[in-house]
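In what follows, a structure is listed as structure tokens, so that the remarks can point back to it.
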Amino acid sequence: MTWIPFVLIAAVAVFFALYLVLSKNAVHGALSLVLVLVSLAIFFLLLGAEFIFIVQVAVYAGAIMVLFLFVMMLLNVGGAEGPLRENPSWQLAAAIVLGCVLLFEAALHIARAGEGVRHFPQAIAADFGSPERIGQLLFSSYLLPFEITSLVLLAAMIGAVVLALRRFP
Amino acid sequence: MDIYSAVPFSAWLALSGLLFTIGAIGFLIRRDPIVMFMCIELMLNAGNLLLVASARYRAVMDGQIYVFFVMTVAAAEVAVGLAIIVAIFRQRLDIDVDEMSEMRG
Amino acid sequence: MSNTTFDWIASLIKAVIIFVVLLQLVPVLIWLERKVVARMQQRIGPNRVGPFGLLQPLADAVKLMAKENIIPTGVDKLVYYLAPVISIVPALAAFAVVPFGEPIHVAGRVVYLQVAHVNIGILYVLALSSLAVYGITLAGWSSNNKYSLLGGLRASAQMISYEIPVGLTVVAVVLLAGSLDLLDIVNQQVKQGIWNIGPQFIGFLLFVVASNAELNRAPFDMAEAESELVAGFHTEYTGFRFAMFFMGEYVNMVTTSALATVMYLGGWHGFGPDVWYLNLIWFILKIFAFIIFYMWVRASWPRIRYDQLMGFGWKVMIPAALLNLAATAVVIVVAKERATLWLTAVNIALFVVFLAVLRLVNSRQLEQHRQVVPQPDAVRG
Amino acid sequence: MNPYLPILFMLIIATAFAVGALSLAMFIGRPKGGNERKLAPYECGIEPVVGEVRERFPVKFYLVAMLFILFDIEVIFLYPWAVVFRQLQVFGLIEMGIFLAILLLGYMYVWRVGALEWQ
């Protein structure tokens, strides 16, 4: 019974992930990626990560994907060509082989871990994943990464402005 | 309705691996740089899912903090990456990764 | 009846009620807006269909429903049909966390007077309103029309620009309340003895301006400027698909007004006895006060130019909101228990100074204008 | 019961309404013939200009979206801080002050370079 939400949402996520990879149209691809992100956000919620859920919706779905759409409209690449347009066949083969290796690795890990990864019966507190807890962690154990984040954002801001405003010969 | 008690951790691992693989294959077979970029986002999100799941199954919140930072870095990366695409486009009026050989420096 | 069954039924009933009320508010608001704006322009407004023209929206709805469903050539059909749905669904869902009364007790169980009582209510509303950008961008893109695309891009650039000041002013409220739960925010205002409009007066003004811009309403409705862009992103939409954008806009207006009421005006609290039906009336009155204020603004100001609009957002609103946030944080740390009092005093003082500066700047500009244009009256005609 | 479940109800009701109303309108308002003029995009009532419809737009729009992302992240970081601010007191003020000061540098740079002008 409790498997049902997992299977349903996972199916949605995988379907739209495949759609992103295979669709001919980049804007449709972006929309399907938004659906993947939203279904992962629901997973975050079910896994007790309340604050991360809302950050996923607000930042990923609400901001990052908007930038993707903007750039597509800006560059007019909406109706792009076919997905496998004249790709060298060795690239395709390499991709599929690499994908199989990745999947095999994951399967191997799951099989080897066996019962070990199946259950850690851990109860969580009521405020697990709440903004309070995130704030407490952020301003104690993760203070330095937090401050360094501002440097990352500063660098990104300057880099993007320089690149976008540059006059090309 | 507790998803945690019914779904074993390996299911999350499998789902995350599958999404990551789809992203990786997409990154390799597509040539439109914007779609490739979106495939990278997909891979990052597969990683995020695993981090959040393990945070729940170990009842330690650190995984969620990592996800928070991953999202921050992803935002910065998207801003700069798309700026590069826009800059190349403005210069070359055509974007196809196989023709960006002058990027090799 | 088990607790879970009770919760399920209660929340289903609440969801249906809120949905119906929100949808019913849309025609009422359209009628009200037409009447209010007409009166402000010395007209009468709709008065043919039903008493006071009350049935006019109904007639409009029938007309829109029966309109021919034209699909222009070259549209991206999937996205074209999806865009109106995307613009209304988040708008309706955003209201789900807004509380409209004290939790009540029914049959020995607590029933929250909000569809969903969640921990992060305020962020949820902001996140969903940021999804509204999609409907507009996609509508503009899929229409296969230059003006629609430009209108859509303009509208979405404006909306995302004003999202940041909205977010920053909300942080200042969260600082006072110490919680993202909308119920806590209301209770904290009662506890501190003064509604947040006192200690956050500047924040309140910023929120009203920024949310007006985020709603794409006049004077910030550059995106759908009829004269410049043949109505913007919804040019190619007819009939009910067009109506859906409209509904989304009005529902968003209700949600924003409700959010402002909860954050700054003490939510459902008013004068008189504290019973839930009176509280509900107070809540509705405050929301309508906000809505009528938005209509008043629309009737009073001309549309501002797009570059001014964006410049105002990035160069005035963001620094002002950041300053407001910094001031709030500093006063909370310094004044401790008396923070509310000090914040109120500081806010009112700042507002008075702001008005004085505005007056000075205005009179100076007027002076310069008189020097450049010797007879302004003759020019204006 | 998960407190977010009612939101799901709301989403389902809203989506059902939107899709239902659109389908009904599609059924009632079936197109009643006409020629290609009727279906042409409306551009000020004149003949659509020949050429690429999805034109390229000024890089400004992109810049705004990019700056929005970075500022949005900054705002998101402010929320957990605001919630625990009463516990942190002066410490929180200083730490967030450093964070914001570094970002303000970027903001000032962006302003100086003229990325906020909209010519």
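Order of writing sets the chain letters: A, B, C and D. Residues in each chain are counted from 1.
One rule holds for everything that comes next: contacts are C-beta pairs under 8 Å (C-beta built on N, C-alpha and C of every residue); 3 or more make two chains touch, one makes a residue touch a chain.
In this text the structure is predicted, and so the values were computed from the model without any measurement.
Innermost chain of the displayed assembly, by C-alpha centre distance to the whole-protein C-alpha centre, is D.
The chain pair B-D and the chain pair A-B differ in C-beta contact count, and the higher one is A-B. Subunit A and subunit D have CA centres that are 18 Å apart.
Distance between chain centres (mean CA atoms), subunit B to subunit C: 34 Å. With centres taken as mean Cα positions, subunit B sits 5 Å from subunit A.
For subunit D, the set of residues that touch two or more other chains comprises 1-2, 4-5, 54-55, 57, 59, 61-62, 65-70, 72-73, 77, 79, 83, 92, 100, 107. Annotation for subunit A: residues touching 2 or more other chains are 46, 51, 55, 58-59, 62-64, 66-67, 70-71, 73-75, 78, 131, 134, 138, 149, 153, 156-157, 160, 164.
Counting partner chains per residue, subunit B shows two or more touched chains at residues 1, 71-72, 75-76, 78-79, 82-83, 86, 90. By the document's touch criterion, interfaces exist between A-B, A-C, A-D, B-D, C-D. Note for the complex: subunit A touches subunit D at residues 45-46, 51, 55, 58-59, 62-64, 66-67, 70-71, 73-76, 78, 131-132, 134-136, 138-139, 143, 146-147, 149-151, 153-154, 156-158, 160-161, 164-165. If you check the complex, the residues on subunit D that touch subunit C are 1, 3-7, 9-11, 13-15, 17-19, 21-22, 24-26, 28-32, 36, 38-44, 48-49, 53-55, 57, 61, 64-65, 67-68, 71-72, 75, 78-79, 82-83, 85-86, 89-90, 92-93, 96, 100, 104, 107, 111, 116-119. Across the complex, subunit C is touched by residues 25, 27-28, 31, 34, 50-51, 54, 57-58, 61-63, 66, 69-70, 73, 78-79, 130-131 of subunit A. Per the touch definition, subunit D reaches subunit A in the complex via residues 2, 4, 52, 54-57, 59, 61-63, 65-70, 72-74, 76-77, 79-81, 83-84, 87-88, 91-92, 95, 98-100, 102-103, 105-107, 109-110, 113-115. Contacts from subunit B toward subunit D in the complex involve residues 1, 71-72, 75-76, 78-79, 82-83, 86, 90.
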